[in-house]
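So that you can tell them apart, the chains are marked A, B, C and D in the order they are listed, and the count of residues begins at 1 in each.
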C-alpha cells in the first residue's frame, strides 16, 4: 500500500448532509466529542480510509482480534436531517500526508454535496480556565453571517493557524467551494480534555440542532476537571512562589527560581 | 530504484501453505526464531524483495563478497504440508514503507492461497521474567476458535498495538481475507533475546505441527538467560535500595531516589 | 492533494516581464521586501500554488475567515515594463519539496518568457553590521557584465551556498536558459530584519528601475535597528570581556573563555 | 523537479570502460581521490545528474556565478583503456534517495557495458593509524580471484556494511550482472582525510593501470598527517592518563575519568 485508500462498504443516499469531523488532535478534544456522539446515535459506517501515513500498526480488541488503524465515515438521520460523522484512530503522521488524507476525505464528502462541514478541535492555550470558550472560524464570510445566532467567537485569533484535518478540510474545502466551519474549545494542551470536549459538543448540538445524551461525557469531564484543578493549583503555587522569591529574595539563585517556574 | 521490487527466482507449486514470518523487531525475537528454523530445514529460496526503504547498504560476507540487503521467501515441505518462510535483514525504515512492503509481501502470499499467516515477534514488557509467556492475536474470530487447543493467550492486551510487519500482515491481510495469527513472546525489550525466540519457536512448532532441532537455539537461549539474570539482579537491587530508601530515609532527596531507580 | 498544484485565476499578457521573488527565508529579509512592494503597487494576483509540502494549516484573518497557506503570483506594470512578483506564506518544508516547488514556479515563469528573475534573500553573517552590504550572484557571466553599473558585490563568496527558492530558481532556471540574479542583504540571522529588507529593496528598485514609497518600511527598519543595536552592544561587551580575560589572565581555562563567548 | 534527472551532454563511444566512483562519504576519502584524479587527467564531462534529494541549493564560484549541485560523469582514455569517472557535490540526503540515485547511475553505466565499477570510500575505524590499510569487497567471487595479484584485503570484515553509493553500486549492480569492487582506505572518521585518499588512489592506480601525478595530493596528505598526529598524541595522552588513574588512584571519581576519556 503506497497510497491512501478509500473503501466504500455502501453508498447511502443522503440529502444535504451536515458533516461533523472529530479526529485526534490537541487534548483529543474533537475525537472525544465525536466518539461520544457516535456512541449515542444509531449510526451506520459506510466508508473507511486506510493510509500508509497512519502508524504502521494494528490495534487489539479484548478478544484478541486486531483491526488495521483507519478513519471511518458514519451516517445517521435526526429529524429529517442527514449527518455524516468522520472519526478515526489517527491523523496522518507527516505534514504532507495531512494534505493527502484531507483531499481523500473531501473526495468522499463532495459526492454527498454537504451543507456544511463542521470540524472540531481543541485550542491549546497553555493554562487552565474555569469555563473554556468555544472559538470558531469559517472558510467564507457568508458562513459567519449565517452563524450569528449561535454567538460563536469568530474574532480574536487574527494570524492564528488551524492545523491538521480541522484546518485543511476548511482551507482545501474552500478551493472546492465546500462550506466549512471549525469549532475549537479552549484547552490546556498537554492533557486529554473531556471537559473541553463536553463544552464543544454542547455548542455543536445547538448549532446543528441535535439532542445528545451527555451523561457519560459529563462524568469524564468531571474527572478532567479534577485533574485540571490540581494542575491549576500547582500553577498558582508556582506563580506565588515566584512572586515571593522575586519580592523577598527567599531563593538563592537563578537556578532555583527556574526550578519553581518549570 | 524508487519502488520496492519483488523478484521471483522460481514459482513453486505449493498447496495451502502455512506462512511463517520472522523479520527484525523487538529483541530480534521473531528473526532469531525464523533464522533458526531456516538453518534446520532444507528450504528453497524462491523470491526476494529489495526496497529503497531498507538501509542503503550492502553486507559483506567472510570472503569479502557483498550482498544487497533484502527480505526473502523460502519454502519447504514437512509431512505433506507446504510452508513458506519470510526472513530478512531489515524491515522498512519509515512508517509508510512498512505499509508498502507489507503490501508487497501480501501480493506474493496471495498467489499461493496460504492457509494461515503466522507472524512472530517480541512483546516488550520492560522487565525480566523467568518464563516468558506467548501472547497471540488473530485477524478474525474463527481463528481464535480454531486455535483453542494450543492454549495461546489471546486476551489481556485490549487496546494494545502490534507494530511493523507482524501487525500489518494481519491488519492489511484481513482486508484481503487472508487469515493471520501473531505470536508474541514476552521480552525485556532492549536485549537481543534468544530465550524468548526459543519459547516462541517451541510454541509455533506445536501450532503448525513441525519438528525443529532446538539444540543450537537452546545454547543461545542459555546465554541470553545469563545476561538477563544479571539484569534481573540489578533490577532487584535497585528495587530493594529504593524500598530501603523510602522506608528508612537513607536518601536525602527525590533526586537521589531517582538516581537509584534509573 | 499529493502533488503541488498550480491554479491560474487569469492568464495576463505580459511582455518580457521582470520577476521579483521574495519568499520566507533568513531574517524574512526577502519576504518583507516583497510584501512591502506588494503593499505599495497596484498588483493583480493571477496564479496560486498550493502544496502538500507547505505546513498543513490554514491561517485565520481578523474576521475569522481562514485561507489555505500558499505562494502567489502578482503582476503590475510601471513605465511600460511588466513585473511579476512571487510572494507567499511559506517555502516547502522538506529539501526535496524545494525542488518540486521551484520547478512549478519555473513552469509558470517560462510561459511568460521573463527578462530576468530577481530572487531576494538575507545573507546570515552572525553579527550586527552598521550598513548591511548587498551581495549578488547570477546564473551566467553575461548577467554579471550587464549588472556592472549597479555595483553589486558578485565576488567574495566563493564556495558559498544559496539555499531554497532564491538559489534553486537560479540553478534550475539555468538548466532552462532562464536568466536569474540573486540579491542578498547581510543580516544577523536569528532576527526578523526589516532593515536588511529596506536596504535590499532600495538596491532592487535601482536595478529594476521602479519607484517605491519606502516610508512604512523605514519605520519597521528603525525598530529592527534598535533591536540590533542592543544585540550589538551585548556582542561588544562580550568581546571586551574576552579581550580583558585573555590579556589579564582573569580566566583560568579555555572552558571559561568559551563560556564568555557564547 | 520531483524525480532525479539524468542529462546527457554527449554520448561518447567507449569500449569496455573501467568506472571509478568517488562521491562524498566518510572523511571525504573517495571524493578527494577522484577529484584529484579529475584534476590530473584530461577528462570530458558527458552526463549530469540532478536530484531533488541533493540539498536544495546552488554553489557560488569566485566570479559570483552559481551552479546547481549535481553528480557528473567524465570520461578519459589512457593507454587505449577507456575510463568513466563519477564525481559530485553531494550524495542523496535520504536513505531511499540513495537507492534512486544509485539506480540512475547504474542506468547510465549499463549503456557503456563497463568492465568493472570501482567504488572508493573511507572505512571509519575511530582511531589514527600510521599506515592506513586498503580494504576491498566485490560483488562476486570471480572478481576476488581476478584481483589476487593486487593483494587487496578482501577478508576481515564479515558482517560489515558498506553504505551509500559505494555499497549500492555493487549491491544493486550485482542484480544487473555488473561487476563491482569497492576499495576502502582506513580513516579516523571525523576528519577530512587526504592521507587516506592518497593511499587509496595509489592503490587504485596500480589496480586499473594508470599513472597519476600525486604531488598536490601528497601535500594535502602531509597536512592531514600533521592534524592526525596531533589527534593521535591527544588520544595517547588520554589513554595514559586513564591507565595512571586506574592504577594509582590519582583521579577522584568516575566522572573525572570520564572527562579524561572523552
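What we mean here is this: contacts are C-beta pairs under 8 Å (C-beta built on N, C-alpha and C of every residue); 3 or more make two chains touch, one makes a residue touch a chain.
Just so we're clear, the structure is a prediction, and the values are computed from it rather than from any experiment.
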Shortest walk length in steps over touching chains, subunit B through to subunit C: 2
Interface sides of subunit B and subunit D: same vs different residues, half threshold: different
Farthest chain (mean CA position) relative to subunit A: D
Centre-of-Cα separation between subunit D and subunit A, whole angstrom: 51
Chain centre separation in whole Å, for subunit B relative to subunit A (CA means): 36
Sites on subunit C at which at least two other chains make contact: 97
Complete list of chain pairs which touch one another: A-B, A-C, B-D, C-D
Touching residues (chain side subunit D, partner subunit C) in the complex: 1-2, 7, 50-53, 55-69, 93-94, 97
Contact set on subunit A toward subunit C in their complex: 3, 95-100, 102-103, 136-141, 144, 154-155, 157-164, 167-168, 170-172, 174-175, 182
